[in-house]
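What follows is chain A paired twice: with chain B in the first complex and chain C in the second.
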Partner chain A sequence: MRLLTHNMLSSNVKGVTNGFPLGIEVEKVVEKQVELSADFLINIFSKIEWKALVDASRAVGYAELPDQADASMLDSDEFLRKFHHALLELHLEEGALLCPETGRRFPVNKGIPNMLLHEDEV
Partner chain B sequence: MSSRPELKAPPEIFYDDEEARKYTSSSRIVKIQSELTERALELLALPDDGVPRLLLDIGCGSGLSGETLSENGHEWIGLDISASMLNVALEREVEGDLLLGDMGQGLGLRPGVIDGAISISAVQWLCNADKSSHEPRLRLKAFFGSLYRCLARGARAVFQVYPENLDQRELILRMAMQAGFSGGVVVDFPHSSKKRKEYLVLTCGPSAPVSKAQDEDGGSCSDDDVNEDEENKTVCVSDRHRPRKKQRITKKGKGREWIMKKKEQMRRRGNVVPPDTKYTGRKRKARF
Partner chain C sequence: MWYLCVFYHRLLDYRKAEVESLAHLFGTFDADDDNYSLEWRLPQHHHSDSPFHFVNLPSEDIARKIANRSILVKGMYELWGEGSSYEELEEAVKRYPEERKLPYLDSGSTFKINVDSFGKVLSFQEQNQRMQSLTYIPFKGRVDLKNPDHKFWLMETDDYGSNNGLPPIVEKRIFFGREIGGADRKLIPTYQLKSRTYLGPTAMDAEMAFLMANQALAMPGKLVYDPFVGTGSIIVAAAHFGAMTMYGLPMPIALLRADNNLPPWRPGLKEVFDAIICDPPYGVRAGGRKSGGRKLLKGVVSPYVVPDDKRRDHIPSTAAYSLVECVHDLLDLAAQMLVMGGRLVFFFPVLREDYVENNFPEHQCFKLISASEQILSSRYSRVLLTMVKISLYTEEIAETARLKHIEFKENHLKWLEDGNLHSAVFSTADSNSNAGSEGKFSKDPKPKYRGKYV
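Entry: the complex of A and B
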């Protein structure tokens, strides 16, 4: 699971008012190189919750992202490279995602988070 | 005619390891899924600016539809309830991220982040009550409500569905409208029982014109039937033209290229195959 997806996921448990962002428990992270698309990064930037992305990238061991970011920084190749790396090239293979309100664990196996809720959580 | 998979077992049980493998290794199914996805992408009407979008593939299964999305340059997140199908997707090394989840429990995505959603042959599974605690209406409501929230303004959702009957299709449409969607149904090849495909095209926000449906002679059917209910939402169902009796429906047939490809496939599997000669795939006389 890439940090792009983590940035979109929220806890769905019944009664939770703000299930975003999910905490990350890291067991195994893999880096997979993919081609950089500036168009995609510029388009998706406005939808990204920057603080959540920075915290998530630090959790998986990448500390190069600046704490704050605004759209003007997208002109810099250097920034685009770091943004691209954090968003699309870091994969959480094994670990878990944690609901910020209830602490409920969503395990991650082989890169796939198990978001299935139990009957009483729906 | 074999019964529908939806009537045999819940999806996470029907699509076990064996079924998942069978589904994905059938070249016919791979081809059909790819065509359905291309058509759904067309109906999504994403801006033609070459900018890759973030799409949602609901009921992504073994990633057959997702691969078509990647081929078109988009990023995607796939959701499926069957771990076996997702494992096959992992083996195929699909480029999108996969989530193990139940769409009837709500999608769990942040508001306004998705540029478009597609679903190929999956949403009809929501209409079955697979557990005693399931109430299809509540599940449809949770699904459409969460989908409406996570789609960006003006984004569309296109679902290729196989509704069991008219009631099912009406139920799906009704729950979608209640969640705030507008849109309608596009039916391709409405007269052919084999080729007939239904697409639910939903938009967030004011209704946009629904695309023209495709028909066998390559032309398009006009949208004749328009229902308008009190809240001024339109549901368009494309008209059923009766083919004029004089019109011959030309069969495309399978050419030499397809035959050669199939023979190669059989040889790879180790079957005995007659050698390729100048007679292979040659057009036979009409009465043959």
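Entry: the complex of A and C
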């Protein structure tokens, strides 16, 4: 599961007011190279919750992202590379996502998070 | 400029829609144009189901791009002449401006002439004879049958007898044109389902998946989402055209196990996807499921909590997900998550005897730009709907959707019965024959060509 996906997900357990961002429990992280597409990064930047991305990348062991970011930084190749690496090249293969309010674990297996809710959470 | 567009004679409803979507993709329409359709004309003596159509496109470059990326365009041609007889054709070709012809006839180039007929096989001799009649065209180049610079086509269409099982052609009509481009049909055997390592029961076949990807304008740099991804048969086609989501294609950006009825997207997340392409469960061969045990929703069993020691590997029970609710959720998701101008492309099943054109799902954020029917059996067909997002997702819309979601939950039983396609499709013939003696269908039955629906 890439951090791009993590940035879009929240816990939707019944009764939860703010299920975003999900905490990350790391068991196995893998780095997979992907070709950098500046157009894609520039487009997606405005949809990203930056703080959540920074925290998530630190949780999986990457500390290079700046704490704050704004659109002007997209002009820098250096920044684009770091952004690209954090967003698309770090994969949580095994672990879990944790609801910030209830602590509910959403398991991640083989890179696929399972967000299905149990009967009492619907 | 008007071009002759000759289609493959299949999936008739899908042909023009594909060309129009590709025209949009390659920049035919202005950004703020509300128009998504092209001008089409039928050749004289031809029926609208015929493969031959004239289409107005802004340039040869765009015409070529459309033809080459399409799946159903057999050829796009610059028409040099047409007529009801070879004499008329000769006059027309002679009248066609020299400056349009000469660049393709020069001595430094190679060429080939193809003779084709629609609805009849011409023997080698007959083809040669027709080719010989073209001596009035000053071809100066060399003939190359394998890989010519320019390909010319002489196409004859005629009333070869109404029993030939093809769309009727009232009188002979002959066309002569220079080929600009055509579909790469080799994509289909390359991606065909039967050579895949793993398949699901409802995997989309390659040809249709490519049509869907074209309808959604998949291209490099776009983010495409399939909420009912299954074995990924649709996103494979989108990935082929470069959109992000075996075959040496990049792996999908993300795979996720979630319930579309209770989506896990963070609140405030919107306008992220450029296109949503999917084939939702119709509830006929493979029904959809949503979270929440069916017994719970029906009230047979009171709410329970799964004990902690069993939670880790608990597989949550699910309930039937009716088509109506599924489509409602899909439209709500699409309205929220698509960028403005983004496309929602999905299949919607219809009972053939109830099929009325304007009975499709609607949503105020969307404009329906095409609906193409594919007949699946005598009872039902599926229609590929293409919708474009034309207005923003507001708080009000979100609230209406939320209330509707609750309504579905409270009336779980009702929605299982209403609009239940499964029973209508699989009921025995007796219970379905309440139509009059005039015929089974209230609208004109779709014509069959050579015994098949195309």
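The working rule: the second predicted complex is superposed on the first by the 122 of 122 C-alpha atoms of A that agree within 3 Å, B and C clash if a C-alpha of one lies under 4 Å from a C-alpha of the other, contacts with A are read in each partner's own complex, and residues count from 1 in each chain.
Throughout what follows, contacts are C-beta pairs under 8 Å (C-beta built on N, C-alpha and C of every residue); 3 or more make two chains touch, one makes a residue touch a chain.
If you're wondering where the values come from, they're calculated on a predicted model, not measured in any experiment.
> In the overlaid three-chain picture, which partner chain does A:Ser76 touch, first (chain B) or second (chain C), both, or neither?
Once the two structures are laid over each other on A, A:Ser76 reaches no partner at all.
> For A:Leu116, decide between first (touching chain B), second (touching chain C), both and neither.
both
> Of all the chain A residues, which ones make contact with chain B and with chain C?
In the superposed arrangement, which is not itself an observed complex, chain A uses residues 1-2, 4-5, 8-12, 19-20, 34, 37, 39-40, 43-44, 47, 49, 88, 111-117, 119, 122 for both chain B and chain C.
> Which residues of chain A touch chain C once you look at their complex with the stated criterion?
By the definition above, chain A touches chain C via 1-2, 4-5, 8-12, 18-21, 34, 37, 39-40, 43-44, 47, 49, 88, 111-120, 122.
> With touch defined as at the start, can you tell me which chain C residues reach chain A in the complex?
220-221, 223, 244, 250, 253-259, 262-267, 269, 271-272, 291-293, 296, 303-306, 311, 314, 316-317
> Which part of chain B faces chain A closely enough to touch in the complex?
It comes out as residues 50-54, 75, 77, 81, 86-87, 90, 95, 97-102, 105-110, 112-114, 131, 133, 142, 146, 150, 152.
> Note which residues of chain A are touching chain B in the complex, please.
Against chain B, the touching part of chain A is residues 1-2, 4-5, 7-12, 19-20, 34, 37, 39-40, 43-44, 47, 49, 88, 110-117, 119, 122.
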